[in-house]
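Heads up, there are several structures right after this.
In the two complexes below, chain A is the common chain; its partner is chain B in one and chain C in the other.
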Partner chain A sequence: MKLKMMYSFLNADIGLIEKELEATVQAEHPLLRQAGVELLQAGGKRLRPVFVLLAGKFGEYDINRIKHVAVALELIHMASLVHDDVIDNAELRRGRQTIKAKYDNKIAMYTGDFLFARALALMTKLENPVAHKILSHTMVELCIGEIEQIKDKYNFNQDLRTYLRRIKRKTALLIAVSCQLGAIGANASEDIQKKLYLFGYYVGMSFQITDDILDFTATEEQLGKPAGSDLLQGNITLPVLLALKNLEIRESISAITKDSTESDIRPIIDMIKTSSSIEKSFELSNLYLNKAFKILEELPNNKTKTALNNIAKFIGKRKF
Partner chain B sequence: MKLKMMYSFLNADIGLIEKELEATVQAEHPLLRQAGVELLQAGGKRLRPVFVLLAGKFGEYDINRIKHVAVALELIHMASLVHDDVIDNAELRRGRQTIKAKYDNKIAMYTGDFLFARALALMTKLENPVAHKILSHTMVELCIGEIEQIKDKYNFNQDLRTYLRRIKRKTALLIAVSCQLGAIGANASEDIQKKLYLFGYYVGMSFQITDDILDFTATEEQLGKPAGSDLLQGNITLPVLLALKNLEIRESISAITKDSTESDIRPIIDMIKTSSSIEKSFELSNLYLNKAFKILEELPNNKTKTALNNIAKFIGKRKF
Partner chain C sequence: MLDINVKITNFKKRIEGEINHSYLHKYLNPPKIDEDKLLLLYTIFEEIEIGEKELEHYVLTTMLIQLALDTHDQVSTSPTSTSEDLLKNQLTVLAGDYFSGLYYYFLAQEGDIPMIRSLAEATKEVNEHKIKVYQCDITQIDTLLESIEKIESLLISQVTQYFQLSKWEDFISKFLLLKRLLHERELYTREGVSPVIDAFHNVLQSQFKLTSESFEREEIKNKFDLYIYDVKTSLLQLVSKNFKCNQTLEVRINQLLNCQPQLSMKKIVEEGS
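== the complex of A and B ==
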């Protein structure tokens, strides 16, 4: 089943979110508008808005209220990608030139700032101080996560906890908060808010681990960027961390520096791909996924719950 | 009279703001903490917090409430300076190495992001949705201002309106909003909020014009960075715009490109310094200042009003 088929009952509302996203980036400055439109056209799964809307279905769902939350979350996600690409010197994302590649680091920096600021401005349409508090604190954590990622590059002595804390800040938190704010935006009970937050957190952890695996196992065509980019940029992801336990592979990995070229790293990527660390990474991803399924069991039965269940399954099994 | 003497009745509260600023940047990640502490130690006039507190005196002044607004405004100012230094490739600010110089552009980008996010998180302690709305919209405008500044570099055909709009976004808006949010944080009447906003706007315009003049007339020691930095970076400020009306100077200025060196530009700076454009720039600065004084006349008489009056005078006359 295709991802979009899992929540086809939301089709009209997701179309509206897309239009709102366009309107939000179009209303302003020519260069920012162009950068924003290009970012939107590059596509993406719009997972965060989908989680916001689905979470909202557990409360008093009002699309005209909750749409602001959905758009804000996607804008924050987009902003963090734009700033990420500056950090990673990334030329391509989703098969397209990144903002930093097409313009420069400086334009990318302010495009990101602008999207962050627009997101927070949008959230003020929801007159709930708790929502702002959550969103701005999430941004603080996102920034810390990014700084951590820079600091931990090429550090082959980091432990699993460091990795998990980093992907929590980098990915899981924003998905958790998408679910939580969806519930808050629809005035769902606090119990449901908490459960949806946890569901999003577990799904987010599984999602990022899968992403980190796919960076090794998927093709350049599937990824929209060269495979093995993470390791080439010095990012130590779960498959690398687990492969470091194999002394032979450890020796090769530890020799990687900022000056390593793609051809230096290619054989190491192959070693990791054929090691057991890929399978073990999938095991940890599944562990999180099962926690997500378990939380879902505590939520009321409805088609939204089925959708969340299917999305979680999809995320665990996706090939790119 | 020294600036600080003009509002000595706020001394204790300003000391508290300084402590809160330290606590805000210290609570987190080691690298961010270090960058934050260095930024604070570099000093600065803390003009925005002072305006917040003074504006608050026109309402129900409660330092434990209004301090969050004051700290948030200074954090946003600091964040914008950090991102500015990335844009301008600035090595020095206030006589110290910039974050981008000491670390790199990437660390500077996330330090700025982090400070922005902390500022918005702090504002949520004020449970007033209007305050968030104003602050996040101000951030949007700040970003547009920065992008405009990048776009307008080395554009010698821009008009006065373009310059004024740019310095409004870059400087005047944040000072206006400091006054406005100070009044809002103290539940002052809407009429007083509006008047204080306008006062801040006029003072901010005058302040930035003076800043742009001082970049030509002050010494490197006074500025804490080389004189003429603006023009060297391609930023067309008011003295340049006015000097462009002199055909002889125009010819020299128009020849400036990204590849111009300091020694290419030094004689042009001297031409501008000795032209009438400095005096004419002061005239426009004074025009804004007089508008600020006029607005003050409409506010109730008290020592706070005297302080605002003196600060405005100081800003108009300051030598660095």
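== the complex of A and C ==
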């Protein structure tokens, strides 16, 4: 089943979110407007807005209230991707030229800052201080996660705990908070808010681990960027961490430096792909997914719960 | 009561403490905290009854978002030659994002949603103007100056509006515009490049429909000086009319007004003809 089919009962509201996103990226300056529109056209799973809306269904769902949270979270995600592409010096994202590649670093910085400001302005339509405390804390954690990622590059002695804390900050928190804020925006009970936060957190962890696996196993066409980019940039992801336990592979991986080229890395990627580390990474991803399913069991039975269940399954099985 | 200079020095330390991150600190120069903006914020708050803690909350958060935007201006567009340059550029992006996150965090901790909105709206507009100037697609000098003015003053203007201290707005705008123009002039003299003077040159070219080689550097600088003189005149007019402020700001205004270029009336008449 396609991802969108899993929440087809939300189609009208997702359509509205898409329109709101389009309206929100409209800037006065044509280039800024164009950059925003191109980012939207590049697509993406819109996971965060979907989670906001689905979580909202566990409370007093009001699309006119909750849409601000959904749009704000997608804008924050978009802004962080635009800045990430500057950090990674990335030419392509989702098979399209990045803002920094099409224009330059400065335009990417201003576009990201503009989108972030739009997101916050929109978010203030939800006049709930708790929601802002949660989101602002997440924003700071997200930045710390990104800084830690750079700090840990080429550090082949890092442990699993470091990796997990990093992906929590980098990815899982924003997904967890999307679920939590959806529930808060719909005045769901604190217990439901907490459960949905945990669901999002577990799904987010699984999502990032899968992403890290796909960087090795998917094709360039599927990824929309060269395969093995993470390792080439010195990012030690779960498959690498686990492969480091094999002494033979460890020797090759440890020889990677900032000066290593794509052709230097290629044989190491092949070694990792054929090692047991990919399978073991999937196992950890599944562990998180199972925790997500378990939390769902504690939520009331309805079609939203089924949708969340299916999305979690999709995330575990996705190929790109 | 503490002297305003002492307050500013102490507050700078507080900001430095709040934004301190060991890894960023290891590789990046400490961000430059604009003391004039601090002075302006402290000065406008002298007008209203506001507790020390509340005052610090507004000054801190306004300065944090200002630092975030200023830091992102430092992100390089040139291809990075060494891995250290690359690392610095990457961390500059993240430092700006981090400061921006902190501004939101501190306001959210106080439940100050209206101020989150005000500063976010200002940030949005500042970035619109930054792109206009950076893209050099402005065709009128007045529009260029207006964009520079907004880039420099919009955040503080939001604070003045929020506290209904709008009478400070014109002064703050002209003060900060003058400061920026003087800075750009100095940059142009010292290093031969200034993004603002490049945009200024571009406007002159489009107005006179000339090629890029048409203006000599000195000629551009002289023309730019005329506009600096105009802004100085506007600022002088504003402070001559029943304007009251603390002595520290008064000294600073005089410093800016007496900065180079000191244009003679004869030269102005000649240039203007």
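Assorted remarks:
In this text, the second predicted complex is superposed on the first by the 318 of 320 C-alpha atoms of A that agree within 3 Å, B and C clash if a C-alpha of one lies under 4 Å from a C-alpha of the other, contacts with A are read in each partner's own complex, and residues count from 1 in each chain.
Following the convention adopted for this analysis, a contact is a pair of C-beta atoms (placed from the backbone, for glycine too) under 8 Å apart; a residue touches a chain by one contact, two chains touch by 3 or more.
The model shown is predicted, which means the values in this text are computed figures rather than measured ones.
In the superposition on chain A, A:Glu251 makes contact with neither chain B nor chain C. Once chain A of one complex is fitted onto chain A of the other, the partner contacts of A:Glu146 extend to both chain B and chain C.
In the superposed model, A:Ala121 makes contact with both chain B and chain C. In the superposition on chain A, A:Glu220 contacts neither chain B nor chain C. When both complexes are overlaid on chain A, the residue A:Glu279 reaches neither chain B nor chain C.
Looking at the shared chain after the overlay, A:Ile87 reaches both chain B and chain C.
Shared contact residues of chain A, touching chain B in one structure and chain C in the other: 28-29, 31-32, 83, 86-87, 105-107, 109-114, 116-118, 120-121, 123-124, 127, 129, 132-133, 136-137, 139-140, 142-144, 146-148, 150-151. By the touch criterion given at the top, residues 21, 23-24, 68-69, 72-73, 75-77, 83, 86-87, 89-91, 93-94, 96-98, 100-102, 104-105, 107-109, 111, 113-114, 116-117, 120-121, 123-124, 127-128, 130-132, 134-135 of chain C touch chain A in their complex. Residues of chain B that touch chain A in their complex: 28-29, 31-32, 83, 86-87, 105-107, 109-114, 116-118, 120-121, 123-124, 127, 129, 132-133, 136-137, 139-140, 142-144, 146-148, 150-151.
Looking at the complex, you find that chain A touches chain C at residues 27-29, 31-32, 80, 83, 86-87, 89, 104-107, 109-114, 116-118, 120-121, 123-124, 127, 129, 132-133, 135-137, 139-140, 142-144, 146-148, 150-151, 258.
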